[in-house]
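Submitted below is the structure of interest, expressed as structure tokens.
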Amino acid sequence: MRLLGLSRKDTRFLLIVIFLTMATPILLQPFPEGSGLATFNAGYPDLMQRFAIFGIFAIGFNILFGLTGYLSFGHAAFLGVGSYTVVWMYKLLDYNVVYGLPLAVAVSAVFAVVIGYVSLRRSGIYFSILTLAFAQMSYNLAYSVLTPLTNGETGLQVYGNDPQVLLGATEANSPHFFGWVMNDNFWEPVIGGWKFTFNNGYYFTAIIAIIAFYVSLRIFRSPFGLMLRAIKTNQTRLNYTGINTRPYTLAAFVISGMYAGLAGGLMAAMDPLAGAERMQWTASGEVVLMTILGGAGTLMGPILGAGFIKYFENIFSKINDSVLHGWFGFLPDGLEDFLIGVSHFFVGKSWHLTLGLLFMLVVVFLPGGLVEGGQRIAAMFRKKSGGKDDAAHQPKPAPHVAE
Amino acid sequence: MSKTNFTRRGLIKTGAATGAGLALPTIFTSGAMGFTNEPTGSTVKLGFNVPQTGPYAEEGLDELRAQELAVEHINGIGDGGMLNTFSSKVLDGTGILGKKVEFVTGDTQTKSDAARASAKSMIEKDGVLMINGGSSSGVAVAVQSLCQDAGIMFMAGLTHSNDTTGKDRKANGFRHFFNAYMSAAALGPVLKNVYGTDRRAYHLTADYTWGWTQQESIQASTEAIGWETVNNVLTPVGAGDFSSYITPVLQSGADVLILNHYGGDMVNSLSQAVQFGLRDAMANGKQFEIVVPLYSELMAAGAGDNIKGVYGSMNWNWQLTDEGTQAFVKSFGEKFGRPPSGSAHTCYVQTILYADAVTRAGAFNPCAVVEALEGFEFDGLGNGPTLYRAEDHQCFKDVLVMKGAENPTTEYDNLEIVEVTPVDQVIYPPNHPMFGGDEASLGECNDGA
Amino acid sequence: MDAIILQILNGLDKGSAYALIALGLTLIFGTLGVVNFAHGALFMIGAFVAVSLQRLFGMSFEQIDETKTDFLGNPLKVNVPYVDSWFGPDVGEWLIDWSVPLAILVAIPVMLLVGFVMERGLIKHFYKRPHADQILVTFGLAIVLQELIKYFFGANPIQTGAPDAFTGSFDFGRLIGFDPNVIIYPYWRLVYFAFAAVVIGAVFSFLRFTTFGMVVRAGMADRETVELLGINIDRRFTIMFGIAAAVAGIAGVMYTPILAPNYHMGMDFLVLSFVVVVVGGMGSLPGAVAAGFLLGILQSFASMNEIKAIVPGIDQVIIYLVAIIILLTRPRGLLGRAGVMED
Amino acid sequence: MGILEVKGVGKRFGGLQALSDVNLSVAEHSVHAIIGPNGAGKSTLLNVFVGKLIPDTGSVMFNGQSVLGRKPHEINQMGISRVFQTPEIFGDLTVMENVMISCFAKRDGAFRLHAFRTVAHEADIVEHAEQVLEDVNMLDKRNMHAASMSRGDKRRLEMAMCLSQDPQLLLLDEPTAGMARADTNNTIALLKEINQKRDITMVIIEHDMHVVFSLADRITVLAQGTPLVEDTPERIKGHPKVKEAYLGESA
């Protein structure tokens, strides 16, 4: 079957992604409520929304970094710009995200054109530092002197005295898409001990994420994408082949900036508050880590990386002593205390440590990122079952060349 | 030992332990239910959202200790702490309305985004009815508005900005901690007594919302006692090295430096000011002085000897001698081997107050709880007679003016209480201009229905 | 005028810290071609060597003082440092007092070791890997290191004072003909500046005047040729990594009296030091030092009220603004070489 | 009037006069070799032709248009392709993709935002690229990683990429450097065929005199940045100046 101009392989790939995305509320709830392992369930709306949103962010970032090799350390700036735009639309018009989201993409595109035009005059680490400098300036200013525009530390939010000129009398008082209220759940079945939450906001972001993924798939397979990959491998040859690389890199930069703006806008669409810290360098660094961790230059990698990091941030940080007692309570006291003591290093307040260790392990043992891990497992199964070569979830393994 | 076996055994056991009291969360406005996360089983869940990573992690951990203690006391474990001295006697150690209290914890990272994510996970995944904790105003305001939208209660932890119960006040949010205005109002008269009325003040202010409200408040109250404000310089958060902001101070003709900083910034700016000889300097024929409007134990410990003789304010300190404080310090000290910090105290008290309000209201519905808390007067929780004002959900109680101790004997008494400023001196009208004026409104209470 | 001189002093002081961190970072960039995101963590570990030594000297046993009570009303336990009881209070107090400078002696071997272990155990496997992988692995390492420090020392800043002899201020103004008490500057900050100058000088002369240094410099310029000459450049690079770690470490040790160390100070310095290195020009040691001082001084000037009054918030962005301007006017920073980390 | 007219080109690097008063005329359809001892300025001159360097003085006209001040990609679009001394190819891409990129550059120009087309569906490009690969006998390697090929294959690939653009002028920088004799002869044959069948003018820099004399119609001898002589191979062989400056030493 071929769909929407995709090859058979890609169609299957897209369908798998659509299936996984749509079934997320079920797949991420593997443990029954109340069981000791329910802590590891991630199928609640906020986290699912975050998976989708940061997936979009990372997919977009990958178009720049994964394809062209230009490592931007300032993409969080666009995330912030997108969020602020959407919240401002709430404040000025009303809570319908239909105004804010397209505008968020447009505004971040404008920012990306300016920052990209300047930064792309340099390459390598000089480019990275230029983008970092722009983003840090945006963050520092948003946090302090631009407070009238950004509400600074508190974060931009809607106040009762905001104009909201389009707000109807019966309209929802929280973000919605023509009445499809993001915070609402349309179905909350309880099956056995399992509880599933089907949330409006999640499906809204999920559909946008699928579209974003489809667009990125098309870009990967397009002549434009081919040129971007060529830029990464040999820019000199490309120039002598008659290609002007600057507009290509700028286009990639702007497209990824728009993805970031969209992700930022969606963050505000799910949660109508935009904090300045989402523009900080750590946030820019986070998307870099997501992309590398998952596998830069691969289609699925950035999404996996985004999920991985967000999962740790939201799930591991919540494991506290009482949860640990719940797990180890059946053991003899001495052993229980010992295990809890050891766990202290890795969960709860120490979740960063686990994340850091996993970064190191992945990069040491899986140079191609999580995607490579997936491929190895798939290869193992293939060997066992002797099945035919399956479609890899990427155009080609991203080769690693020194320098 | 096989790992799978091992976890499965744990699962069965814990499953049995908590299965009976299963409290399934219902999320946000989902129609049929009565209100958000209405507890249906034999337990009720509270969320403790504190910084566990980042610069305020220690404060967060101390808050967690206190919250854990509060839950024990509510569930009838331990010596009962301040429940014994609390003027309201409805809590009997059987949980809240007969339901055993459980809690979940989360990491705010002192970032509004992360804090909201963590709070949302508590609301959506764990089904908490109340969120408590936090160590900065930005986070408090962000989480407070989230709780308002979600229809659960927010009992603020350490948040000192005027905005939390000022322009950003919310019907579902309550603050026990004092604020910048009250700090300033308490400090004013004391500063007048010790440093006189003829002083020229130089402000260094953390360049974000809390810093500004702190500076605005202390400037107003020092000007009210006749001081002149020479300058107010905004410093970047996390500047680390404040030397380039400190060196101009002595040349400016000022004779008092007011540091509107908190946390690591305050530790560094104060230490560096002392390093630059400001405390030894003479200006305008007077001894140069430094004032730190907001103190915390952990900051004081970080600043070490540099705080000696420096005035500031606190919401509460373990060295108070009232019955409630003594009971709390004893029970906290025995469990954790250290006296509680002010942020721990406020979180403990907030948790107790929530449990009490639910019990008095006879319902978990946030709107009923709000009603029970509004205008509630109580005593025995360490600060003397206290009022939860209905108009802005701010607690009004005495404020402590502190001074860095000259000869601390242990690491915990490097601050000493100079004066307990009575509540009358720090109270203000709910529509005070620093608190959003007439426009500020709590809005409607939201139970998520 | 006096205000400007003070800001120059402030800038030199800030610049000293930037320059020292950037120096080590550039050594690692230049010799090994590795983007080391854990370099800030090395600075932080150095600072905690000082904290540990102070704690070690301060380690004490309890004596009960019946005359006082603690917060629970029990008889107060007074802590007596072991060093006091071993060496007598005089020497003991002196050791505690001087623990920060003394920590340098401890920090050098410790940091060399940390550097060697890091290079042999982890970094060397990443020479041929893309920069992105280097970033990920060193960032992971940085997180692990800072979390370990947090686990043992807590998240709060820990005041680690300079020796009493250096706590006062020096009347710098009188030295250059100003009235007394106009330009006074803390002794320790002057010490820090002098210390930075010595370290920078030492590193430069080491690279310039020793055979080892010459080989390393040759290796920085063209690794393959040096290898063809049959020189074991790998071992020298390991040593170089150790030296870079030691420079970062002792910079951290000496900085503790200026900035109370906390577990995330490494991350706070990391971004800034990267900006410094890049503005200085990749692979250029003099560039890194020059950029460190330049940015330090500019940052100090931007913090002046007179400047902030004209451009509000300029002190928040000055470093980044200058970085952008320099990188746009000088493609490879102040003194960078072509082809280093440009792809 | 030649297809490439170089007049009075001079270029200085600091204290070094790399080129001075270079005059050169490359006739259409010819193979023009530039030889000279190391450091004579051959590569500098080539870099001027492709826009990597801008000379201090003089003019370089291609088909009557100046190339000076134009970017490398613009010069390529004018019809000049270049083969490097060390093959410059897209190592991370497949052989087929390498050739397709140059086909795209030829068809779509220096920039085209074809983000929503699919490479595999561009029938004309695919066909053209396959044809070119067949011409250089590499069709069987179409799915190989370019970086994993032998040096000789890389060179052939680079040649194929240039040919796919059907350039008017092909610049070759030591096309047989480091090749075994048999490969060299193959390359000579290939280049001859290209020159004759496809009518592509070539400028070739080469040290190997066997190659030069097998291919060149005219030869310019460059020494210390200045052309010594320009003549036919026959005449160059016996030229005393050339012998003195160049051939004498290496012979």
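Lettered A, B, C and D in written order, each chain numbered from 1.
Simple rule for what comes next: a contact is a pair of C-beta atoms (placed from the backbone, for glycine too) under 8 Å apart; a residue touches a chain by one contact, two chains touch by 3 or more.
As the structure is a computational prediction, the values presented were derived from the model and not from experiment.
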In the touch network of chains, how many steps separate subunit B from subunit D on the shortest route? 2
Would you identify the chain whose Cα-based centre sits farthest away from the centre of subunit A? D
Most centrally placed chain - per-chain CA mean versus overall CA mean: A
Per the C-alpha means, the centres of subunit C and subunit D lie apart by a whole-Å value of 52
Whole-Å distance, subunit A centre to subunit B centre, using C-alpha means? 33
Here the gap between subunit A and subunit C, centre to centre from mean Cα coordinates and rounded to Å, is 34
Distance between the centres, which are taken as Cα means, of subunit D and subunit A, whole angstrom: 46
Mind pulling the residue numbers of subunit B that touch at least two other chains? 53, 57, 207, 234, 236
Can you list the residues of subunit D that touch 2 or more other chains? none
What are the residue numbers in subunit C that touch two or more other chains? 150, 313, 316
Applying that definition of touch, give me each pair of chains that meets it. A-B, A-C, A-D, B-C
Sort out for me which residues of subunit C touch subunit B in the complex. 2-3, 6-7, 9-11, 13-14, 17, 68, 70-72, 76, 78, 150, 154-159, 161, 167-169, 181-182, 184-186, 188-189, 257-260, 262, 264-265, 268, 299-301, 303-305, 308, 313, 315-316
Per the touch rule, the subunit A residues reaching subunit C in their complex are 65, 69, 71, 118, 121-126, 129-130, 132-134, 136-137, 140-141, 144-145, 235, 281, 285, 288-289, 292-293, 296, 344-345, 350, 352-353, 355-360, 362-364, 367, 400-403
Note: in the complex, subunit D contacts subunit A through residues 50, 71-74, 76-77, 81-82, 84, 88-94, 97, 100-102, 104-106, 108-122, 125, 145, 147, 161, 165
Given the complex, residues on subunit C that touch subunit A span 33, 35, 122, 125, 127-133, 135-137, 139-144, 146-148, 150-151, 271, 274-275, 278-279, 282, 312-313, 316-317, 319-321, 323-324, 327-328, 331-333, 341-343
Where on subunit B does subunit A make contact in their complex? 7, 9-11, 13-15, 17-19, 22, 24, 26-30, 52-53, 57, 60-61, 64, 102-107, 111-114, 116-118, 120-121, 124-125, 136-138, 141-142, 145-146, 149-150, 163, 167-168, 207-210, 234, 236-237, 439, 441, 443
